[in-house]
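After this come two complexes, each holding chain A, first together with chain B and then together with chain C.
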Partner chain A sequence: MIEFSHSKSLRKGNRTIYMKLFLKLAWRNVWRNKRRWIITFLAIAFAVFLTVLMRGIQLGTYDYYIKAISGSYAGLIQIQKEGYLENPSLRKSFIYSDKLKEILTSNSDIIAYAPRLYAEVLISSGGKSYGGVIYGVDPSSELKFSEFHRRIKEGRFLNPDSMGEIVIGDKLFKNLQISIGDKIILLGQGFDGALWDMKFKVVGRIKLGYTELDNTVIFMNLKDAQEFLSCENRVTNILILLSSIDKIPSVKASLSQELKDYGLAVLSWEETMPEFKQSIDFDNATGILFLFFLIVIVAFGIFNTVSMSVLERSNEFGICLAIGFKNKDLVLIVLFEVIFIALIGILFGNFLGFLFNYYLVKNPINLGGKYIAVYEEFGFEPKFTSSLKPRIFINTTLSMLFISIVFSLFPLYKLYKLEPLKGIRFT
Partner chain B sequence: MQVLISVLILINCLYAQTPYEIIRRSEEKIKGKTSYGVIEMVVSTQEFTRTIRMEGWWVGNEKALIEIKYPKKEAGNKTLKIKNELWMYLRNTESLIKIPPSMMLQSWNGSDFTYDDLVRETNLERDYDMRILSSSDTINAALTWKIELIPKPETPVAWAKIIYWVRKEDYLPARIDYYDERGNLVRYMEFYDIKVLHERKLPTRWVMYNNIEKGRKTEVRLIDIKFDIKINDRIFSLKELEKR
Partner chain C sequence: MLLKLAWRNIWRNKRRTLVVLTSVVVGVVALLLVDTLSVGMLKQMVDNQINYHISHIQIHRKGFSEDKAIEKHIKDYLKVDSVLSSYSQIKIYSKRVISYGLINSAYSSSGVLIVGVEPWVEKDFTMISKSIVQGRYISSDGEILIGLKLAEKLNLKIGDRAVLMVSDLNGNLISNVFRVVGIYQSPSVNFDKVYIYITLKDAQNLFNLGDSVSEFAILLYKAELVNSFKEELSKALGDEYEILTYFEIGPFIRIMIDMYMEFIWIYYLIIGVAVMFGVINIMLMSIFERVKEFGVLKALGMKDSKIFSLIVLESLLIGSLGTLIGLLFGFILYVPLSRSGINLGVFSESLALFGSGRIIYPVLTPFTLFLLLFTMPFISFIASIYPGIKSLRLKPIDALKYI
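Entry: the complex of A and B
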């Protein structure tokens, strides 16, 4: 058997020349049957665009929700005494020292922080009494930090110099059957374990949107709470907002280091609000599953296109083999075709997705209508925004490329096994 | 006659062997039908130790009144139980507060006792099935019966299991273990310093150990206690609460 010497001598030569030739062949092959490849290109571009858009909206909206919720209730990170999370109690409070304030103020990534003192008490008026939770807050920090002052339904929120005043959750307020200006009695167990009771004036009714809180929450000035519960200068939590959600790990690590000697723990919102984290994770998983199906459908399109193009060119490939092309050279050429078309589609899809995401980031959509219920329920505006995180684009690109190649493997294998005569006689 | 008496004693002894009877006698020994007492309670935690002195009146499981005498800050605060309602009179604000049922199992005054313990809402004989686990356990060098108490189905009680040790020689309680639904030992009480007070022999130092938060305990010292005395029913009223 005599081998075609031309190909053999070339093969010994510069490999890059070959590659250039193959690339050129592949590129030309793509445009030989425009219609088929354009359909594939559109399918890939559309899938990538949709993926980038959906991931962007999901991640962007999560970030927005995380910011909105953690702002009022948990902070992006918060400082607690070690062990408070498992067993919250007043005895696990800590001194809110000047040193601590200094540490927090000196960190440039921290844009705001709010000390809080939480404690369970009994609230009573007339013959009615209910369990309640004191939110001892510093009204001046809360103005920068939370949305509480915007949730007042009646009366007003606490002033920085409020004394003996409280703001009560909507439901609790109604259960107690009181009105603004009434005096109520709080009974609580102080830091020293002693039971203590005090009268407070109700100055506001607040609706936060969380049933549990609206049933129990009692806002009072931090100073009042400290006096009532005999825990001078103590707080149970310090909530912290950062300039960006991405800063959480680094700030958490550095604060943890600094505060370890004080017996304090630094926790991120995922740790303090695990249910919220779970619902985000669930929604995220649903979204990813949907996109996975989308990509699989596109992948079958790719499979179809590549199979057809290989089958259609059986005759041509047979001749190529007969004049001395190696099977693997042909495989390489077709693989290049797939990668070309996938890359063009991916680039186009990413570009389009980027434009849409960019628009949404700049102009978040306020959901009206029936979503107002969400607003009521969760106490923040239901917004629809997006994200331009690089990982959205990178992940989409890589998974699309990967799946395009994987789904071309079978037709490529057939091509690899093709014999010249079978190819030539293929009809 | 002698035979008859000895038979009666024998029957009595046999009868007393049922766990229900043992528990009943034991509870009766430390609670009585009615009682009046001056009690000191010492709550010790890692952070603080607190002593509260109080005076209390109890009539069966129905009524109870407890008044704080010391520390000064809380002196005059009273807790009143009438049937299944629990009220607190707070001296500082001169107000009456009804404790909602949901709070009955919470810590009373920072101690390891609950409101429920204090007012004896739970009736062991009515609410629990009992069986003797062992008749030869020794607790603090005293031979005891070890009795397991499992709540009767559908009975809303605080504990999923109670192990109760009763001293054989005098039917006094020696130790009580309290378990939650997950089978964890939450707290246990031991009884010490058996003395005779007003012709009645009983332990005068009860210590409730918190098994969840190690190092935390509440000690109850009976300074003075009288049983089965006549108590004026009038003191168990809301009006009386506010009067003094």
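Entry: the complex of A and C
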């Protein structure tokens, strides 16, 4: 127990003893009127829980989408010739040299990379022609890099030593009305600008779940693509996967440094897929705005509770002032009360949010059924998961605490200005 | 009488009531903005799809929408033409030839959907002619109109030559040179990358189609009637044709609308519950301040049900008043915004993906207004039940002794 004698210790001004005393007073005050504080506690816990859950779902799902898309289609980082992004064309392809491979393999943060040659061609069979996109890939790199070999619906994916073989997107395959083993003619504009045609054997049908690609994609061995389009040893992109999304800036910087003499640009997924990046930003911004409204509404409740609790105790506070408490001491006590209740609510909300988020991380929800079509438009499986990133919990905690204190300032100010007699006479 | 009492009671502690009212107002304004903006964005997506290409109803030969091959053209186009011209509901209809092809510039090549149109009809039929950013709309044979994104990709400028390569009806590979006369930009990048326009005559020659077409696109006077009109058309034309409304052609939009309908109530629920905590809080405070008063009222013979109603009424008054003030503020924000729109230029590339355009005009539907009007009063009704029950448990004598 703290020894307590008003006059002496107050005069001595031993702050630590006071602090302990104030904390204790505040703690007891909170429990003097349980009902009022419990409702405030519930409101804070509710807001914190929802914020943690919604932020978790947003951030977790974004990361899932970024990984899903970058894994097969863009890489977390991509190497292109400068200007390819604005003008994707074979003209902007570059030599895939041994020196380049060496630079990529020597970087320990790079877990996989895949050289690709993209080109648009016309594919014809039995009098039908469609526009197609060649994905010239190195089958052995793709094994580590993408999910392509797992998406085969019929036949097989390319082998490392495939020659003259192609794998065709599901929808395109059906439109062409061909079957596995058929020979088919591709017609395209080569690196030299001339039109070339070549016969290929169809060995597989692939369904990527991405409508635009399933309508157009034609996989072939990188070597075949280079020969067909007369661009010896050239690629248009090198896609790179890193051990973690957070490594992007550092790897990007070091690669840019090493590659700047080659006229090559190193781009992150945000730069290669700006519309995707913006969709995430857009969704993120609307989510934050909504949660802001939510927290503000809860903050009004805090304001009311603190106001009422100060007003109700005017008499008590007046007496305290009369026996020698200073106004700022009383303000401190009430502030502690607010922080106590806010912290309990925040802890509880965080805990509940953590449980839900943890469950979602372990058991992502598949948004099957009719929503598949939405996502097929953009190329990933409809799934939502959550995240346990510390910053979700930290940011939520800090914003709730901050808002709670800000909304208590007005009643606290009233308390600061309270005069002993006015307080005692207050009824 | 009870209403008057309730009204006076809620103003006994002005500040407290004002604070809760403010939270209701913030809730209503937030919901109004979130909801009207979502609806506005969806509406723009639908309108753009209709106005830029799809139109209200399309007629093809069966199987065309699955596989836009040239052999799936409408052989008996004269019959369809005469059937369509007999309907007065149709504002205008357009004949199109559509199929895949490859466009080559000196620089690069790209797979495209070639659309052959009658310029004099299509000019007023879609918004494409009003979205030209360089040059002009096609007017005669040998001319081609392409999207901005495609022009950038192929490095094509006005006056440049582009080669279209297709396989014709007989399976022969045909190529033909066109001159770029215009570049358009629609609200959707994916559209701009793929759709190119030439004259109907050129397309028919290119594909060796004779006079036949692959699509009839129809605009009605009243968009609401698409479904019933579709029925009428399928009876008149028989089952050789697929007759599709804009919802069936762009399923993406339909799903977005379904998603909106399924998720919007969650927003109302979340904001509602947050407001509810505030209302319960002050209702409890106010009844515990008035325990003595209730004791007196009960001792004087006021029925429990009356006291309960009084509390419910007070809460309802706060909810309704907050809703009305919220709607007032909401409208003050909404009316100018619905005229000027909100420029979401920062997200322009994402919006181009959705095809809504960068300026979003919020739209208030009767459904939204209905939700807004009833959410908060309903929530405050729910919030008053627990405080009301508390008041019932009071015994007059204990209440009188309560300090």
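Definition applied: the second predicted complex is superposed on the first by the 342 of 427 C-alpha atoms of A that agree within 3 Å, B and C clash if a C-alpha of one lies under 4 Å from a C-alpha of the other, contacts with A are read in each partner's own complex, and residues count from 1 in each chain.
Keep in mind that, in the parts below, a contact is a pair of C-beta atoms (placed from the backbone, for glycine too) under 8 Å apart; a residue touches a chain by one contact, two chains touch by 3 or more.
Please read all numbers here as calculations on a predicted model, not as lab measurements.
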Based on the superposed arrangement around chain A, label chain B with chain C as either clash or fit. clash
Which superposed partner A:Q189 touches (first chain B, second chain C, both, neither): both
First (chain B), second (chain C), both or neither touched by A:L398: neither
With both complexes overlaid on chain A, does A:M198 touch chain B (first), chain C (second), both or neither? first
Just chain B (first), just chain C (second), both, or neither: which does A:P88 touch? second
Tell me the contact category for A:L122 with respect to chain B and chain C: first, second, both or neither. both
In the overlaid three-chain picture, which partner chain does A:T216 touch, first (chain B) or second (chain C), both, or neither? second
Once the structures are superposed on A, label A:T305 by its partner contacts, choosing first (chain B), second (chain C), both or neither. second
Which partner does A:L21 reach: the first (chain B), the second (chain C), both, or neither? neither
Once the shared chain is lined up, is A:Y130 touching chain B (first), chain C (second), both, or neither of them? both
Just name the clashing stretch of chain C against chain B, choosing from 40-48, 166-174 or 220-228. 166-174
Share the list of chain A residues that count as touching for chain B in one structure and for chain C in the other. 87, 91, 122, 124, 127-131, 187, 189, 193, 195
The residues of chain C that touch chain A in their complex are 15-16, 19-20, 22-23, 26-27, 30, 34, 67, 69, 71, 100-102, 104, 106-112, 152-153, 155, 165-167, 170-173, 189-190, 251-252, 255-256, 258-259, 267, 270-271, 273-275, 277-278, 280-282, 284-285, 288, 344, 346-354
In their shared complex, chain B is touched by residues of chain A numbered 87, 91, 122, 124, 127-131, 185, 187, 189, 192-199
What part of chain A is in contact with chain C in the complex they form? 35-36, 39-40, 42-43, 46-47, 50, 86-91, 120-122, 124, 126-133, 174-175, 187-189, 193, 195, 212, 216, 274-279, 281-282, 285-286, 290, 293-294, 296-298, 300-301, 303-305, 307-308, 370-371, 373-374, 377-378
Can you list the chain B residues touching chain A in their complex? 43, 45, 47-48, 50, 71, 73-74, 77, 88, 90, 92-93, 95-100, 102-103, 107, 109-110, 213
